Amino acid sequence: MSIPMEFYLVVSTIMFFTGVYGFITRHNMLAILMSLELILNAVNVNFVVFNRFLFPGQMEGMFFSIFSIGVAAAETAVAIAIIINVFRNMKKIDTSEVKNMKY
Amino acid sequence: MEITASQIIFYILSAIIVGCSIMSVVSRKILRAATYLLFVLIATAGFYVLLNYHFLAAIQISVYVGGILVLFVFSIFLTSQVGEKMPQVKLSRRIAGLIVSLGGAALTLFVLLTQNYPYAAKVSESEIDMYAIGQSLMGTERFQYLLPFEAISVLLLACIITGILVARKK
Amino acid sequence: MEPYILIALFILIIPIFSFLLLGLLGSKMSHKTAGLIGTTGLFIVALLSYITAFHYFFSFGKVGETYEKFSASFQWLHLTDHLHIDLGVLLDPISSMMLVVISTVSLMVHIYSLGYMHGEKGFQRYYAFLSLFSFSMLGLVLAPNIFQMYIFWELVGVSSYLLIGFYYTKPSAVAASKKAFIVTRFADLGFLVGILILSYFTKTFDFNELTNVHGSIFHSHITTTFMGFSVFSWATLLIFMGGAGKSAMLPLHIWLPDAMEGPTPVSALIHAATMVVAGVYLVARLFPFYYFMTPHVLTVIAYIGAATSLFAAVVACTQTDIKRVLAFSTISQIAYMMVALGVSRYGADGEAGLGFMASMFHLFTHAFFKALLFLGAGAVIHAVHSNDMSDMGGLRKYLPITHITFLIACLSIAGIPPFSGFFSKDEILVAAFHKDIVLFACQYLVAGLTAFYMFRLYYNIFWGKENHYHHTPEEAGLNMTGPLMFLALLTVVTGFIPFARFVTSDGLKMETEMVWIVAIPSVLVGVLGIVIATIMYKKPTTISDKVATSMGGLYKAASHKFYFDELYMFVTKKIIFGLISGSIAWFDRHVVDGFMNFQAYWSNGLSSKIKGLQSGRLQQYAWVFAASVFVIAALVIF
Amino acid sequence: MNFLYLFVILPLLMMCGVAVLKQAKQVKILMLVGSGIILLTSFVLLYLFLQARAIDSVSPMLFRSDLMWYSAFNIKFSVGVDGISVLMIILSSIIVFTGSFISYSMQEQVKEYFLWFLMLAIGVFGFFITIDLFSMFFFYEIALIPMYLLIGLWGTGRKEYSAMKLTLMLMGGSAFLLLGILGIYFNSNGGNGNLTMNILEIAKTHIPVEAQNIFFPLTFLGFGVLGALFPFHTWSPDGHASAPTAVSMLHAGVLMKLGGYGCFRVAIYLMPEGAETYKILFLVLTGISVVYGAFGAVVQKDLKYINAYSSVSHCGLVLFALLMLNKTAMTGAVMQMLSHGLMTALFFALIGMIYGRTHTRLITEMGGLMKIMPFISVCWVIAGMASLGLPGLSGFVSEMTIFVGSFQHPDIFHRVITILACSSIVITAVYILRVVGKILLGPVFDEHHLALTDATWYEKIASVTLIISIAFIGMAPFISSNIISDSLTSIISRL
């Protein structure tokens, strides 16, 4: 293993905060969801990296990532279903315009 | 310091991840954003391979890329016109986002890079074999994950039902 | 004496009863009934007044050598341990004298109005108001305490307001009535404050105590001062301010000329004979107090009176509306009475109390001849349907009775013997002569001016160029000429009443004699005034215009009444309405209310800010969440 | 069963009746009859009170009775009246009576309107019969809430704004009041015994001076807001301008009196030393109210605004006189409450009648109404004369009592400020005569107005009732004055 752990972590950190940036700035619900995927992905990377470098004999990090991917899939499916439903009812998926359900 | 192939691959993957994730959150065309996300996810799978988690890489490709992203693309097609640009984000909002993300990144990186890690004495280079993974998933002993596995299954089932219920026409 | 108190009560009750009757049921009555009810009521009142006055002066009033005060009252409103407002009647020489004056003039006006107001819309209302006025005025003169006087003072103010504004569809009448009320109301404020101060220091409202020269008030030594003057000076000065308002003294005279917008008989009754002398009556009422406690205020009164009489006489020379000429003449004559009071001393020996007596005497005679003048003017106006001199001329042929009676009144006011005005005016001049030569000179000049402007009026109406009348003016019926003749008779005879025997400052009788050194010049100046007027106005000539132009600015100023109205208009419209009220209203709406609205505004703003935190915008939450996490993390780390 | 309960029970019964009845006409008739019965009851109360007073001339309050409400805090529903409360009850029932008559022409949502109207009446009556601080506050709040709805729903013009403003400002005042009441409550034991809300029992002890200095201004301000104390009076012009006629009447006629009544019954009676400390401050404020309200009224164009500002001036005089802390001035204050209540109710009734016909309240758009509606105009002139203090009507006696009483104060400051307050009578004359001259006299302004009719029978009954009451107080002031000053004796003895 010639690559130090920090390198991976730096990349995942950047990915995470890019996701955060996207989550905060995006207006489109789907884009927000994609930013969320970035965040989740960054977290998965971290699990795996810590598992590999710090506890190589165990598999918790990997399994956690697996489950996390599963949950992400489930979450995305439901979210997209909701978004499509919103779109069908309101003809838009822009967060600044979909206000009927606020307050 | 000699440069190994894995290092080169790592740098390439890192560049792809950083560049594409940034592009994915700033691109004003949603389909392009999804495409950049695809690259990020694939590169992440590359990371997993680099770390010798082949099974995980396979899941990443199949679930994320093959499932989730396709779902994204479908819903993008359903909800937006081709070539439609998302409106420019307000400057104040971008600055707010930048402050939080850059601040957070700086803080996190500071912590990351100043930390001493208790490295394992020997980092295993070997791949985890499928048998062990299967054992772990299908058992109820210590370090075995049947229960979460089943929970995820139920969750996915619930998701399927919910998806149908929510998305179907009245 | 008891029955006379009762009679005096009846004098008050009858008019108020007739007011209520006419006021409540008037609209259901015919004009004739209403007029009859009012006139009959007043007739009874007049009879009762004569009986009361006669018996007062000739039987029960005199105890020993002096005329005593008789009063009876009941407590109407308890205020403090010392102060309570009583209602009742007070009989003494001046109130008995005033009873006669008021009821006589009022009765004449009632009768006269039957003809003058014939067929007017609101005839019943007119008689109701006349009754109300008679009630208030009688109550005023009969008041046994200063607070009752104030009460009726206000009531005469209101009845005057109602009567000036009788033609309520005419904007000028409405404005005039409003002006009269507000100006006198302003003066009444002074009166009220004066009463408050006086009563605070003397602990009484009662005239008997206030004017009892042997009482404790006159021997107490209250030395409290306020802003450099003793409190009693303030009190009496402020009370005089009330009197000045009602009696149209400078500078509160502005309402009286405008008050001529009312029906002419009303002007005769209220604005010539009775209500406007209330100020004189008030000062006379409190005369011992003025004289002993605050003599310098009397001097002030004398000078204000002199200034007013001169001012009004000058203005009267330039007016063309005959009622306004008479109005200024009234102001001038009342000021004469004020001067007389101002120069008077207390007591009856020699010339001491001459001024007081002369003032009352002039009040008495003036009431009759001025009422006569107004009613005569009313007859003229009735005949030619105009108030303006230029619309008249040569009327002596058409209105013989009016002409003769008017002439008698003019001679009387000009001070020509043997008419009543001569006697009373002469006494005033004598009193002034003894006291202060400046005042005397001033009054002497006014006497000449009076003769001049009255005859200017007389010639302009009855002589001069004859106008073309649309229909021939003719003498009115007996109900109008009757009062004229009766009042002319009074004008001729009242001068011979030995007034000094009855009405003096201390109730003791005094003797007067002709002071030839004053009497002859005063007649001469009267004659001179008449002669000048004859030259200028008997035949249509251009002399008057030439004189007017040669006077230049003075004439212009006088014909504009020395711009007092403009000054007041400026003060009220611009300063009171615009500056004070306008800015207060603005201040209220914008600053005070603005402050309250600002409270609402900022709490609303704040709450919407707080509400904004719960916006439902997930991204905002996320931002806040993330930012907070990092901040907290940073705090933990560093 | 205490006789006084009738004043709460009768309106409650009427509420039930109104709720049951179906037709608007029946509701109105019930209101007329019911309010007539209340009026009669109040006169019976006066009669009974005078009789009881003749027997028992010592106790400060008669017809006492207590009902325990909440024993943990010793809160009772205590009732009792003295002469002043009796007069206030009579005033309220006259206004309720005339208000019902004026509302006879009400068209929309009659039932709901009268329900709220009666609830307002309950609040007012309840306030005057109780002598328990908590119950007072309770009824005070009961009176406030219907106001909001009555103005907000049945009002005119910017009604939502006005209703909101009025309610919020009065609620703000009652927040102060609540603080003040709690302050009194927690200092009411005088070092021993139970805490109590009962005014009579509190009056037996002595609230510590430090506590008085804190809670007097709070209580006084709390009631003062309702009594249109400068600068907390601005709800009054807007509120009155928007309120429906009968509500304006009840509000200006009675509810504003709650302020003055509370000021002396709670603030001054229970905390005399506090009053002594703060009176200069509040005298200046009320003095400003008096003159300022009068000047403010001079340039207004809307009839209701004129009357609202005049109310500020007259109610300012009430508080002004109360703060003089002597018997005569306080007698005058209570008489001024009665007088202003009747007078202003008459004014608002007449404004309502004119507005109902001409559909405008701007004096610039009217003229010569005397010719068109003589009855209303004559009533207006009478009301105006009462307002500017014509002797023989109620305004004069109350103002004179106040002025003479205030002037008896030995301190020069009080006398000077009294003279300043006196000057309001001139300004009052100015604005009253301005209105009379503009709208009643002069030529007819608008040809369309010629077709308008004069007052109807129910309007006549209402106006005549009020005028008779005004004239009665004005002609025979000794009756009310004696009742009031007798009742004031116990209050004065504490000062």
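Note that the chains take the letters A, B, C and D in the order they are written out, and that residue 1 is the start of every chain.
Just so it is clear, contacts are C-beta pairs under 8 Å (C-beta built on N, C-alpha and C of every residue); 3 or more make two chains touch, one makes a residue touch a chain.
Small disclaimer: the values here were computed from a predicted structure and weren't measured.
Remark: the per-chain Cα centre closest to the mean position of all protein Cα atoms belongs to D.
Separating the centre of chain B from that of chain D, both taken as means of CA atoms, is a distance of 75 Å.
Remark: chain B and chain C have CA centroids separated by 103 Å (rounded to whole angstrom). Between the CA-based centres of chain A and chain D the separation comes to 68 Å, rounded to the whole angstrom.
The mean-CA centres of chain A and chain C are about 97 angstrom from one another, to the nearest whole unit.
Looking at chain B, residues 96-97, 100, 104 sit in touch with two or more other chains. Multi-chain contact residues of chain A (touching two or more other chains) are listed as 20, 24-26. Among the residues of chain C, those in touch with two or more other chains are 623, 626.
Taken as a contact graph, the chains fit none of the simple arrangements: neither line, ring, star nor complete graph.
Remark: the chains found to touch one another pair up as A-B, A-C, B-C, C-D.
Across the complex, chain C meets chain A through its residues 611, 614-619, 622-623, 626. Against chain C, the residues of chain B that register as touching in their complex are 96-97, 99-100, 103-104, 107, 110-111.
Residues 165, 168-169, 230-235, 237-238, 292, 295-296, 298-300, 327-328, 368, 370-371, 385, 388-392, 396-397, 400-401, 403-405, 407-408, 412, 415, 418-419, 422-423, 425-426, 429-430, 433-434, 437, 440-443, 477-478, 481-482, 485 of chain D are the ones touching chain C in the complex. Chain A meets chain C in the complex at residues 20, 23-26, 32, 95, 99, 101-103.
Residues of chain A that touch chain B in their complex: 1-3, 5-11, 13-22, 24-28, 30-31, 33-35, 37-38, 41, 44-45, 48-49, 52-60, 62-63, 65-67, 69-78, 80-85, 87-88, 93-94.
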